[in-house]
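Here it is, the structure, as structure tokens.
The first chain written gets the first letter, and so on, giving A, B, C, D, E and F; residue counts start at 1 in each chain.
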Amino acid sequence: MALVKFIEYADASPEVRAVYDDIMATRKVDWITNFWKALASDAATLKRTWESVKQVMAPGELDPLTKELLYIAVSVTNGCDYCIQSHTAGARKAGMSDGMLAELIAVVGMANETNRLVNGYQIEIDERVAKAAKQR
Amino acid sequence: MALVKFIEYADASPEVRAVYDDIMATRKVDWITNFWKALASDAATLKRTWESVKQVMAPGELDPLTKELLYIAVSVTNGCDYCIQSHTAGARKAGMSDGMLAELIAVVGMANETNRLVNGYQIEIDERVAKAAKQR
Amino acid sequence: MALVKFIEYADASPEVRAVYDDIMATRKVDWITNFWKALASDAATLKRTWESVKQVMAPGELDPLTKELLYIAVSVTNGCDYCIQSHTAGARKAGMSDGMLAELIAVVGMANETNRLVNGYQIEIDERVAKAAKQR
Amino acid sequence: MALVKFIEYADASPEVRAVYDDIMATRKVDWITNFWKALASDAATLKRTWESVKQVMAPGELDPLTKELLYIAVSVTNGCDYCIQSHTAGARKAGMSDGMLAELIAVVGMANETNRLVNGYQIEIDERVAKAAKQR
Amino acid sequence: MALVKFIEYADASPEVRAVYDDIMATRKVDWITNFWKALASDAATLKRTWESVKQVMAPGELDPLTKELLYIAVSVTNGCDYCIQSHTAGARKAGMSDGMLAELIAVVGMANETNRLVNGYQIEIDERVAKAAKQR
Amino acid sequence: MALVKFIEYADASPEVRAVYDDIMATRKVDWITNFWKALASDAATLKRTWESVKQVMAPGELDPLTKELLYIAVSVTNGCDYCIQSHTAGARKAGMSDGMLAELIAVVGMANETNRLVNGYQIEIDERVAKAAKQR
């Protein structure tokens, strides 16, 4: 169980309510998840985290669905169940099909495997690869 | 330095050469990276890994660029330098712009942060989120 | 559920009881947590782990509260729920306020984020930083 | 080598220069590390990250040295060499002695060990511990 | 709860049934675990994963029990509860005693500790060690 | 480069020398690796760590080679290059063949992959598996 009390909208300070209102407006939902209610125990972290997430997850050169998929990939690698479930829900809402989820999980599994093959054999980087990876 | 000798094409067994040929044909390149040359010290792992990577990274419901981005996200989370560099090179070849790389890294950073906010506060999953995450 | 039987004080061997007694005396408590009851299934590990924890967590140049905060930081990064909860309990006992916990979690989140920004951009160490980090 | 070009002060846009100026003023230094010069390739990430780091690392209920120690603990756990070195440098500047560094590393090592003893034995949380960990 | 529906034998396609049959025949069991029933939601991943696991876990220069112990070591390090439990069950079936499990967990804990001592002190590799680690 | 000065035998205190002597006698070698020379900057950690490693890695129900393989498996998963190289050297000395190393790395890669398949699909533990995993 969470280590802090969840702050419900009715009990929230005006500063917290302003963040909740912006979350609901931005995401077009009418409720707040436990994540934000827990962060609200520390209003500065709530506000900073929401503003960062809002900026980072906004459509840019990558579309919102791709960003959700990347979020899932990290969360699966780290084993954060809450994050896997909440971003899987978010990705489904953004259009992720069952087939896309299956392919995502397959890629994440494979990357975690080959990361360790590289570590295990202590493979050094090819000059040509390093060059191709760099910004021109 | 790598713990095994890299197997060059000229020194490779027919079985290893067949895999090298398929890698070069599939990827439309005329050389083999250290990763495969190290795996070739164990022909069974080389063959199995290549066939798995080939299947997993093939275009499906997710396009090849998105799959490369996911590979980078995992490798950045795990801190595998070889993998970050080789899949960044792969993603650039598949069309990743500098802006896309920047957004990818920003999402990966944010996900790693919020994964730990969830852990730190020990936040339990919302019923509604769990339900929305599930396959219908 | 735990993979081994918890060893209760009443059922413990003299060697295990001696460790339990020292834990309770050192920590000024009158009961033993599941962690130690599980380790007691292997008396050598119980004794070695307790003696190490006792030495490492004793007041030194860092005070016990700071050490508990560091323990939480690691456990949050690794996602070990048991460890997060038990060391949060320990830190509260040692004087950690809600505000301190919030700041701790914020730092841990930020460090996990910037660790990946560094990985993602493959940033090399500044000579001046490396020099400033070293023991004089 | 870094995947993006470092942005030197002389070549920076006004927006980036404003962040650099604030970093140098806040930290009372006259130069910028590679970390910020790499982030500057994406001005939005540079600005957001600096403002977050500035807020999170400011003195609060935890003092700046304790926050640097926590940053090191996370970075050591994740194996981020750049981050270990830069925050060790920062901690030394904030007053960390060699003895404090040694104790910090000892706690981090021990926490990483016991996190896995808990995982290995699959130890469930004690009711009393969970209760003691919670905010009153 | 799992994000996909488990595919029971009775509801499985011929392709999935063929994999299930091979799993049961190879492992000499008459039922299928949740792991495979979840993977079966994506028949390509099911088939590829089973064939890889079958090849990798087959007796070779390392015996099946040693391979199960290694699987547990990784799973404990990553904190994957399902994997810890299923491979502990597998290892017990292959002959792992309680004493062997205790020693395994002790080694895994110690390795996780010393990995971080190395990181914390940023210790560079000895020439003689690097040479001794390499294939002759 | 290491953050502390390596303590050479000639410069070591009697307490540190006693540990060095025991390391060399136990391992039947005539030199000390950087790991111990770095730890020697903190004599208490040196002594405690050596005594723990000595106890944990001693022959028991698991033989020394198996313990070295487990150490490598953890180090590869964590990406600790120093630890991978030093324990690969140790394992070779204890009789590990190239084939055994290849199989070890293959198992570690596979376990890291399936750990994430489990996370990705959020697969819950089978009752029968949990029961089979427990100590009788």
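The rule is simple: contacts are C-beta pairs under 8 Å (C-beta built on N, C-alpha and C of every residue); 3 or more make two chains touch, one makes a residue touch a chain.
This one's a predicted model, so the numbers in the text were calculated from it and none came from an experiment.
Asks: Common contacts of chain C and chain D?
Replies: Both chain C and chain D are touched by A, B, E, F, going by the contact rule given at the top.
Asks: For the sequence-identical pair chain A and chain C, what is the superposition rotation angle on Cα atoms, to the nearest 5 degrees?
Replies: To bring chain A onto chain C, one rotates by 120 degrees.
Asks: In terms of residue numbering, is the interface formed by chain C and chain E classified as same (over half shared) or different (under half shared)?
Replies: Different, since most residue numbers here occur in only one copy.
Asks: At what distance in angstrom does the C-alpha mean of chain F lie from that of chain A?
Replies: 34
Asks: Just how far, in Å, is the C-alpha centre of chain E from the one of chain B?
Replies: Centre separation, chain B to chain E: 20 Å.
Asks: Cα centroid separation between chain D and chain F, in whole Å?
Replies: The mean C-alpha positions of chain D and chain F differ by 27 Å.
Asks: Pull out every residue in chain F that's touching 2 or more other chains.
Replies: Within chain F, the residues that touch at least two other chains are 1-4, 41, 44-45, 49, 52, 56, 77-81, 84-85, 88, 98-99, 101, 104-106, 108-110, 112-115, 117, 119-122, 130, 133, 135.
Asks: In the complex formed with chain A, which residues of chain B make contact?
Replies: 1-4, 31, 33-35, 38-39, 41, 45, 49, 52-53, 56-57, 60-62, 66-67, 69-71, 73-75, 77-78, 80-89, 92-93, 97-100, 103-104, 106-108, 110-115, 117-126, 128-130, 132-133, 135
Asks: Would you tell me which residues of chain C are touching chain A in their complex?
Replies: 79, 84-85, 88, 98-99, 101-103, 105-106, 109, 122
Asks: Would you pull the chain B residues touching chain E in the complex into a rising list?
Replies: Against chain E, chain B makes touches at 1-5, 41, 44, 48, 52, 55-56, 130, 133-135.
Asks: If we count contacts the way the header does, which residues on chain E are in touch with chain D in the complex?
Replies: Listed in rising order, the residues of chain E that touch chain D are 72, 76-77, 79, 81, 84-85, 101, 104-105, 108-110, 112-117, 119-122.
Asks: Residues of chain D touching chain B in their complex?
Replies: 3-4, 41-42, 44-45, 49, 78-80, 133
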